[in-house]
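Labels run A, B, C and D following the written order; every chain starts at residue 1.
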Amino acid sequence: MSQPEVLTQAFELGFTYTRSTGPVVGRFLTELRDRRIFGIKGSDGRVIVPPMEYDPVTAEELSEFVEVGQQGEIVSFAWVKEPRAAHPFDRPFAWAMIKLDGADVAMIHCVAAQSEGELATGARVQAVWADETRGFITDIRCFELAQEN
Amino acid sequence: MANLAAVVGIGQTKYTTKRGDVSIAGLVREAAANALEDAGLGWDDIEAVIIGKAPDMFEGVIMPEIYLTDALGCNGKPMLRVHTAGSVGGSTALVAASHVQSGTFKRVLTVAFEKQSESNAMWALSTPQPFSVHLNAGAGGYFAPIIREYMRRSEAPYDVGIKVAVKDRLHGARNPLAHLQKPDITLQEVEESFMLWDPLRFLEACPSSDGACAMVIASEDLAEQSPKPPAWIRGVAMRSEPTMYAGREEVSPQAGRDCAADVYQQAGITDPRRDLDCAEVYVPFSWYEPMWLENLGFAAEGEGWKLTMEGATSLDEGGDIPWNPSGGVLCSNPIGASGMIRFAEAARQVRGDAGAHQVEGAKLALGHAYGGGAQFFSMWVVGSEKS
Amino acid sequence: MQQIAIVGYQQSDCVSWAGATNEVELIMPVLRRVFDQVGLANAQDVDFVCSGSCDYLQGAAFAFVAGVDALGAVPPIKESHVEMDAAWALYESMLKIRMGHAKSALIYGFGKSSPGELPIVLSQQLDPYYLAPQWVDTISLAAMQARLMLDQGLITERDMAEVVARSRGNALNNPHAQLSGDIAVDELLAQETYVSPLRKSDCPPVSDGASAVIICTVEQAIEWGVPYAIISGIDHRIESHNLAMRDLTDSVSTRQAAQGAGMADGSVDVAELYAPFSHQEIILTRALGLGENTQVNPSGGVLAGNLMMASGLSRIGELFNRITSGEARRGIAHATSGPCLQHNLVTVVESA
Amino acid sequence: MSEEREMITGIEAPIYLQYKFTAGSAPARFLSQVKKGVLTGQRCPGCQNVYCPPRGSCAACGLPTEEEVVLSDKATVQSFTIVAIPIPNNPIQPPYIIANLVPDGSNISFIHLMSECVNEEVHIGQRVQALWKPEEEWDYAMDNIRYFKPIDEPDVPVDRIGTMPVTGWEG
């Protein structure tokens, strides 16, 4: 029997999906475009950012939007020393759970910092907006340590 | 012996090219909420959720049950995701039924969906793979040669497919949820439509749709208390065979014949054309009606097209065995949901709740789905009576 | 509820790259071995077949269809598939047996994770509007979960390293493990962080492979005359997809599943937990209330080799091995799906 | 009043994933031979049927296929379709014929292009032969065969398609 060679070839599985957002996600992204951050009130009154369409406990549709602050505190974070090609930075950065002022539930986004040592749970961060906003989650380009007032 | 189970709630979305007004969760939720409302139930009444869809590549969301948990009120409950290619809507319903028929659960919700407008179905079904010839011509390219072989064997006239295309679109015009609404369609219009995959014309093929379908399936005692008539599940069957093997019968796959024999035996059906009142059968390309008429035993081999041409499967012509009174896959095709829609529409018929496409007095109906290279089959028979 | 027996389990080696082995070539040898173990010719000798896999691992739609080519499915068979870990395929198979439509079932799971960048591929499981477009990888999510525990004083880095050291040590006795060895906790702690606070050793390796299990009614097991263990309970539960809505330091759904499966009805001599990250083993152990009388992951667990879509099924199989070998009388197997232990399944297995 | 902007109702989500594909052992053996201009199949040790291209198993028996069989590049049309619409990822412009072809010596068909034919005259049972690219362009790919074209041999009766020996069809 013939011996096979090992045949390896790279390929890309790619498509640009066209997602419709529905009213809740759409409202959040619309506000992002206008550089505002909105959450939604859950059935227990907690403010969830980004807004969920359906309450995790009661399964009811949610609709009460609340604007939250653009600063908040780090609840937890992961320091990425070696960013992957798909990641938003090509230098070390953090993914973090960030509880924005006025929100009760953290959102996950990236944080720019020089080193892991700059960051800590409880550290205050603020949103940095993209130069052009278009109604996409990356309109918040990243968070960075908040300036002391 | 399996416990008795019944469909007690059915919910669907309107099928359309693009549901631009909802998220993926919103689409799935709409069908589920409609099913709950139909059953007179709330989210807390549901013990488990069984969800199905075709390849994740259609929406680019991997294992979407993970993201859909909250939309389906599933936090703290079991959730199972089925994927058996195009038959998935049917097999999802069967897996859901097994949750109740096994005596494990009293009442479950099952949902199947596709939001095909998020991508391009043709792309998702023919993504490039290294070292293979890029000749994949979509589902039509796969099935057209098989149809050609059926035409050769059966010596059916060329216009059988055209007749099916018109018949199902006229059925669909009675169904407000159907995607294609073509009440004025003519044989000539179908015949003159663009040839896509010779011998298949544009109007002989299914559309690409967004949509979701859901059902609530309950145990015997709960079904009896249900506010609307239950559709009793009288038989369930699945069969699979490989896509390709030497000597495979592609025109009338053995898996389809075996699956039908199994489900008929459970439901006590000896002559499907006589014993069943109607059938919702997965016909994505017009010629698959005569082919499945034979495969499912409604007609002898080589004779299926005659039933079609006689009008036996047409509601409008007063046929004795209407096929796809809802308009079928030829009118609406959210791939992952298409099988479940067949199963749900069969249940609607025996509940007497099919509106303008109701088959008068329907008591026993077949739901059918197939997928892959016509190699995965799932079927159920539902009835207005328990036995 | 009808008792159901496990009669066979086989797994391939966990390898970082399966090389020139396609899906059917990956599955066939494992199926051959599990059929031989029970004395069956092929899939025609069981009443139902169910598999678990994920198209995106290898990047092709309908990856599972190739699995059917390994079965000898002519004449046609009763067969189904979940786009989940095959532990859920076993769950579906149990329902089929309980409803009387099968007396036996073959379950298999397979994954070739090596072709893609697994942590990035799995980012596309997340919320498609808020998280997937950010490409938040699964290791980073687990790292945030670990930090929550560290910050709250629920664990120390040493605790995590101890899990890893035990896993590697236990894996010395597992011929299919990818990572094994005698490694000191201090040695692990001396390694630098990877996605901080996780070290590479806290994360599972990327593995290719497959596993298979055969289950049947007790009557069938007796008729076949093979050793068997009894599945006395099985349940699974999912939690909110919003990670921040969950208490990530606990696993509520694992506890619910264990309760549903009747774990508390007897002793738990051994627990095979699908904990992809070291701290998650601690979360699970605590959520389940496992004490010193329970041996955790004698196989080495998935830190020693992680067959995506098969690891959950393998946990059940490994437990079966412990029980039929007489090392344990009763135990639990756990499977997970989704980021940070979102969806969990618990199976209770007892000696016959 | 500030300028009212439209609500966001949709987004574009680019999902581009990179993979490194490795052909399985059976396909790799097959492609290694195709690179030399030779079509091969693999025989099932159970039912003795020959699969081309081989995928590693006889799907009917569930057995690994090992024995390699050299096939002819002459084939019979089992069925075909004329594709009239452009297909994503497919560079060929319609209309073109995709045929299910069984090479002599094999018991199963594969799909490939047919050309140098009158579309209306293509039929089941027709005899065709591979038209290979120039040898210097051969790679590990089935498109070393540019297409199949009709040859002047009598049709194979329908019930014998898929049973031709590698020595061919005498008519």
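Heads up, the rule we're going with is that contacts are C-beta pairs under 8 Å (C-beta built on N, C-alpha and C of every residue); 3 or more make two chains touch, one makes a residue touch a chain.
It should be emphasised that the depicted structure is a prediction, and the values quoted were computed from it without experimental measurement.
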{"item": "Shared chain contacts [chain B and chain C, defined touch]", "value": "A, D"}
{"item": "Most remote chain, CA-based centroid, reference being chain B", "value": "A"}
{"item": "Computed distance of Cα centres, chain D from chain C, in Å", "value": "38"}
{"item": "Separation of chain A from chain D, taking each centre as the mean of its C-alpha atoms, in whole Å", "value": "46"}
{"item": "Euclidean distance of C-alpha centroids - chain B vs chain D, Å", "value": "30"}
{"item": "Rounded Å distance between chain A and chain B, as computed from the means of their C-alpha atoms", "value": "39"}
{"item": "Multi-partner residues of chain C (each touching 2 or more other chains)", "value": "19-20, 56, 59-60, 68-69, 71, 73-74, 117, 120-121, 124, 128-129, 132-133, 240, 242"}
{"item": "Multi-partner residues of chain D (each touching 2 or more other chains)", "value": "9-11, 13, 15, 17-23, 25, 27-28, 31, 59-60, 140"}
{"item": "Junction residues of chain B - those touching two or more other chains", "value": "20-21, 23-24, 57, 59-60, 69-70, 75, 120, 123-124, 127-131, 242-243, 245"}
{"item": "Of chain A, residues touching chain D in the complex", "value": "1-21, 26-27, 29-30, 33-34, 85, 135-136"}
{"item": "Contacting residues of chain D [partner chain C, same complex]", "value": "11, 13, 15, 17-28, 55-57, 59-64"}
{"item": "Partner chain A, residues of chain B touching it in the complex", "value": "18-26, 29, 43, 57, 59-60, 69-73, 75, 117-120, 123-124, 127-131"}
{"item": "List of chain C residues in touch with chain D within their complex", "value": "17-25, 28, 31, 42-43, 56, 58-59, 66, 68-74, 114-117, 120-121, 124, 128-129, 132-133"}
{"item": "Complex interface listing, chain D residues touching chain A", "value": "5, 7-23, 25, 27-29, 31-33, 40, 66-68, 140"}
